[in-house]
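Have a look at this one before I ask anything.
Labels run A, B, C and D following the written order; every chain starts at residue 1.
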Amino acid sequence: MTRARLRDLGIIIGQHPTGPHNALTDVPGVLVGHSTIIRDEPRIARTGVTVIVPREGHIWTDHAFAGFHSFNGNGEMTGVHWIAESGVLSSPIALTNTGQVGTAHEALTIYGHEKGFTDTWALPVVAETYDGWLNDMPAFHVKHEHVFEALEHARSGPVAEGCVGSGTGMICHDFKGGIGTASRVVNVASGAFTVGALVQANHGDRELFRVDGVPVGREIDHTRVPLPWGRQPPLGSIIVIITTDAPLLPTQCNRLAQRATVGLARVGSVGHNGSGDLFLAFATGNHIPGRSHEAQVALSMLPHHHLNDFFEAVAECVEEAIINSIVAAETTTGLRGNTAYALPLDELKRVWEKYRG
Amino acid sequence: MTRARLRDLGIIIGQHPTGPHNALTDVPGVLVGHSTIIRDEPRIARTGVTVIVPREGHIWTDHAFAGFHSFNGNGEMTGVHWIAESGVLSSPIALTNTGQVGTAHEALTIYGHEKGFTDTWALPVVAETYDGWLNDMPAFHVKHEHVFEALEHARSGPVAEGCVGSGTGMICHDFKGGIGTASRVVNVASGAFTVGALVQANHGDRELFRVDGVPVGREIDHTRVPLPWGRQPPLGSIIVIITTDAPLLPTQCNRLAQRATVGLARVGSVGHNGSGDLFLAFATGNHIPGRSHEAQVALSMLPHHHLNDFFEAVAECVEEAIINSIVAAETTTGLRGNTAYALPLDELKRVWEKYRG
Amino acid sequence: MTRARLRDLGIIIGQHPTGPHNALTDVPGVLVGHSTIIRDEPRIARTGVTVIVPREGHIWTDHAFAGFHSFNGNGEMTGVHWIAESGVLSSPIALTNTGQVGTAHEALTIYGHEKGFTDTWALPVVAETYDGWLNDMPAFHVKHEHVFEALEHARSGPVAEGCVGSGTGMICHDFKGGIGTASRVVNVASGAFTVGALVQANHGDRELFRVDGVPVGREIDHTRVPLPWGRQPPLGSIIVIITTDAPLLPTQCNRLAQRATVGLARVGSVGHNGSGDLFLAFATGNHIPGRSHEAQVALSMLPHHHLNDFFEAVAECVEEAIINSIVAAETTTGLRGNTAYALPLDELKRVWEKYRG
Amino acid sequence: MTRARLRDLGIIIGQHPTGPHNALTDVPGVLVGHSTIIRDEPRIARTGVTVIVPREGHIWTDHAFAGFHSFNGNGEMTGVHWIAESGVLSSPIALTNTGQVGTAHEALTIYGHEKGFTDTWALPVVAETYDGWLNDMPAFHVKHEHVFEALEHARSGPVAEGCVGSGTGMICHDFKGGIGTASRVVNVASGAFTVGALVQANHGDRELFRVDGVPVGREIDHTRVPLPWGRQPPLGSIIVIITTDAPLLPTQCNRLAQRATVGLARVGSVGHNGSGDLFLAFATGNHIPGRSHEAQVALSMLPHHHLNDFFEAVAECVEEAIINSIVAAETTTGLRGNTAYALPLDELKRVWEKYRG
């Protein structure tokens, strides 16, 4: 479903090199799975589920350090009280639409239980953004089976972007949006590591939309690419999941999570009131065992001053992932004939040439 | 289902007078509803749902200020990112067991939508504690209908305590626990107000259990009142909901929420690692309109130094509510024949007499 | 000492109009004062004090609501525990160098006491950034008298920028930096208000420096405008003070404070590890009396959804204030002959023309 | 100056054994130093400085993990933005009176610089409580030399309590208070560790004062032991410093810091509005090098579920330390002839016998 990626257009963001797939999955063991629900009968569905599965699924018993940041808390991400308290992530992460946080939460709980994980009553992370302008959200299209499907199909390697999984019904900077991802490789004295980001991008005004500082949004003629009228004021949101294989502590994960703000700001977000801009970062470099473990846990930590490159990498990944979500997404018509228009790639190239040619 | 309340035994906690029902519902417009699920076939159910409905249900459109505190974040309470951001509560509150946060979340979402509230996609508050020692939690007994039932039956006036609603399967300080409530009337120069607390009490060690400082727990013979063996280390938690009709600001609600800690500590909690000790406070004295409102909102605020009496009232309410949950609850046998024993009231009186007679 | 302001060069940032002086002081009653210390004997001084005085000095008894955000906590801002607890600002704000937080704190305490304010032991707000590359910081040049001088000279109207007051020894994005300010006028249905920002800008890498998205930093030849070699890795920081005359609540001030991040990010900050990026926002539209007040306090509040324009205004103000701090500052030589070079204005214009001409 | 310690009276609090000195200094390498200022001419001084020096002073270069909690933020503790960001403590801690935070801050800065520590511009931790009812605070009695003296005299072994150092002018639960300390030894599967607490106790109402649950305060005749009339409403505060030699992470230190609340609550605090109840916990079991370090840092971490005993130990230490501050302190007359009366030890024993004899 991916039309293109930003780099396909010859536009390079940032100074750091990407990982092999320029995706969250470049961090070893991190899998992404989608379940996409598109149908017109009996009620219109433009929705889905996307899951992020750390440690190839062993996260239920082999926990990872994590941190959280809320840039604007008009949204839901469950499971973060324990992350704030303990610094530990112990479940896969599910993303879906606003009305079905409960459904996905229940499905993750059942899934963990059926897999026989002893810590199954751990507190799963489920986050959401609103797709009710294109998707008939009160039809509650997402069922447990969609979450299970996304989990079962979670893979390493390239990640589908745009109108896929939980990104199916999303709108970003008044263009069709959805799922986007990117990665960066960071070299510091304490080692070489990968940083990845995945976004469910459903936020922002067109007027403020920028690509590497170029004011693309205001250069796109509204008569050629109509705005999603009637959707104002923006109810959208963005969920950002960041990961790295570096051995970071929870406090360091918090720091990475907050840096997603920089990526958002570069693309043109100001964290509008109606936006749930919630960011989670986890680091797989340390292994935290579950409750039966009785010995001290040996850990490693990067010196804090080595995080500068990670901060830049997070900013670049999030910036590029948001733009990728737009570049990938196709024009979509849904509920009540509402149409969210894709950003025309030739228009993007035209504006880019004008400012950077 | 309520055996007794602490005051029935002649034991008075604190210095402030109670409201007419010594319950959360003494705050005008605040309703409490239970749906209790007890059955043995086909799988054992000792669970349920309890709802707190502010403003007689108009909270969906006539919001209240609120605040949150996590004393120990090993638990779930949804909806708090927006409360932290905006200070606003805009939905009823549902309490249930750990495995069914999703179910209750979905049910509240559906309920709001079907009632036609324009802000129906608001982010509902659902909290949980674990009842899997008595209740066959993986049977997922709680259905949407139980949440709807609790909402429809929500009432002012006396509140059933102990083994009722979401308290059905709870264990507190190694005695049978559950729902408890209490209230206080506060007189300050800026007015007379009511403070109420409701707890879902499922936490604590018997050894540390105290009533007004009297070390009751360690005076109870384990051979006479067996411990819930095999439940250790404690997985339990406590959810505290505090409310007042005073015109408090969100920051002031945060302050009230944190004071629940004092009530817990007096009864013997130290916030054990496995405990999700999450506190929400809301104040109905100010009215915050929903999204269609375009004018400045007139508010009132108590001077901060008038909160001292509120802080004492919260401590007293929470302390008494926890003890009420134990005093009310009946011995309960559930999953795998596990039995959680009620605190014998004659034993409580005996120990009280010994120390305070 | 101000060379120029960004708008003098014909470069306009953002969509919102400025206030009359495009300065923090456009918010009625907010005064700014500087005390600049420049001397070479007996030890080299390139430092000073800048104060922000809300309510023309009556802030000691006529408090304002305020909020705080830490984008990167490698710095000091005192007085924020009480702001976090109560939402109330009750003292002027002093900015100085890292080594003299104590000096300024003591001076503010003495000043308040001598003025006879009953709440004089309130907890003053003092913040800092590091000027030790140009200033002989261990000489502790700042004395109480400099703080008093800045307080006595605090004025409304135009604000001196660049190498003045606490900005004297600052370096920003590897150019000479210092104090900068800007303002915006916001029109929402609930009224017309002014938003202002003042920064003490001492952070950032040149490579990342941008003006309205134009990558100015990487276009400046290092041989023509040398970097402050030996200062790496950056130890710098940025303090941001935001104010508005709107009647915002403390939670809303927190939201404004966090939006400073957007302004930083637009100019090229990623919140480097060594940077203390601390933001305070206060709103003068409500009046909170001191301790002797015994009645309810009448307040007003803007609807949360009216904050969108404020968020954009904060982003624009902070972005322009940072650039103003650079555009205003003159090349400065200080300790050990270290020289921080001003951004040549013709170079800035050249790069701007190249990208936006 | 110590009259007695609680255990001297045969009153044992809690279940865990103490360390050899029942003091903060039982944690290896943690030193405590006092500088006491008592004089009547030319102006009345009842004040001082107390310092806590981790790692026998090497903390400037061999950092420790730390965490912070604010139970009621009406007070000052500097240096915590960086602790919140990085989890790292890198300076000694100084306690003094409210008016001289600046003085102590400056002195610590100078001291570190003169000792030649490369990270000398680290952000020192200085905290305060108000002694202006006994001490002529506007005389600013504390000078740099008092801070230096406390640092130079910092020792391991027994710690003087009561009217000493920064505790000289303090009032606790309406009795004379001051410095108090206690420790506990914790045995968990991952090792045996010491937990210590030191308090500067200047808070609380007499009516609420309890010793192990016994309501001592309300049993003390006001005509026999007068209240500090005119000091109402309470302006007092309590600073708590907690330490352990366990290898805890920053998140775990946060958890310990919050547990100080339990100790306060047991003794009768509700966190009054005027009270700055600020808690810092640091753990010496891990070593975090300063900025020149370029390799990964090897760490150890206790499993989170081993913290239960630490939580109980913190509660017990803080509870006993507060009571020790009262039991140790002597009746003190100061400014304007104001007298803060010591709790008569025979009265304490009398009440104890009545309830627990």
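Keep this in mind: a contact is a pair of C-beta atoms (placed from the backbone, for glycine too) under 8 Å apart; a residue touches a chain by one contact, two chains touch by 3 or more.
Everything quoted here is computed from the prediction, not taken from an experiment.
Taking the definition of touch as given, a chain qualifies here only if it contacts subunit A and subunit B alike; those chains are C, D. Seen from the C-alpha centroid of subunit C, the farthest chain centroid is that of B.
Two chain pairs, C-D and A-C, are weighed by contacting C-beta pairs, with C-D ahead.
Separation between the centroids of subunit A and subunit D, computed from CA atoms only, is 44 Å. Inter-chain spacing, taken between the CA centroids of subunit A and subunit C, is 33 Å. One simple way to say how far apart two chains are is to compare their mean CA positions; for subunit C and subunit D this gives 35 Å. Residue positions 72, 85-86, 255, 304-305 of subunit B are each in touch with at least two other chains. Considering their complex, residues 15, 71-72, 207-208, 210, 212-215, 233, 255, 258-259, 261-262, 265-266, 269-274, 304-305, 307-308, 311-312, 314-315, 355-356 of subunit D touch subunit B.
Subunit A meets subunit D in the complex at residues 85-88, 189-191, 247, 249-251, 255, 288-289, 291, 293-306.
Chain contact summary for the complex, subunit A toward subunit B: residues 70, 72-79, 81-86, 98-110, 113, 121, 123, 126, 130, 132, 137-138, 140, 235, 276, 278.
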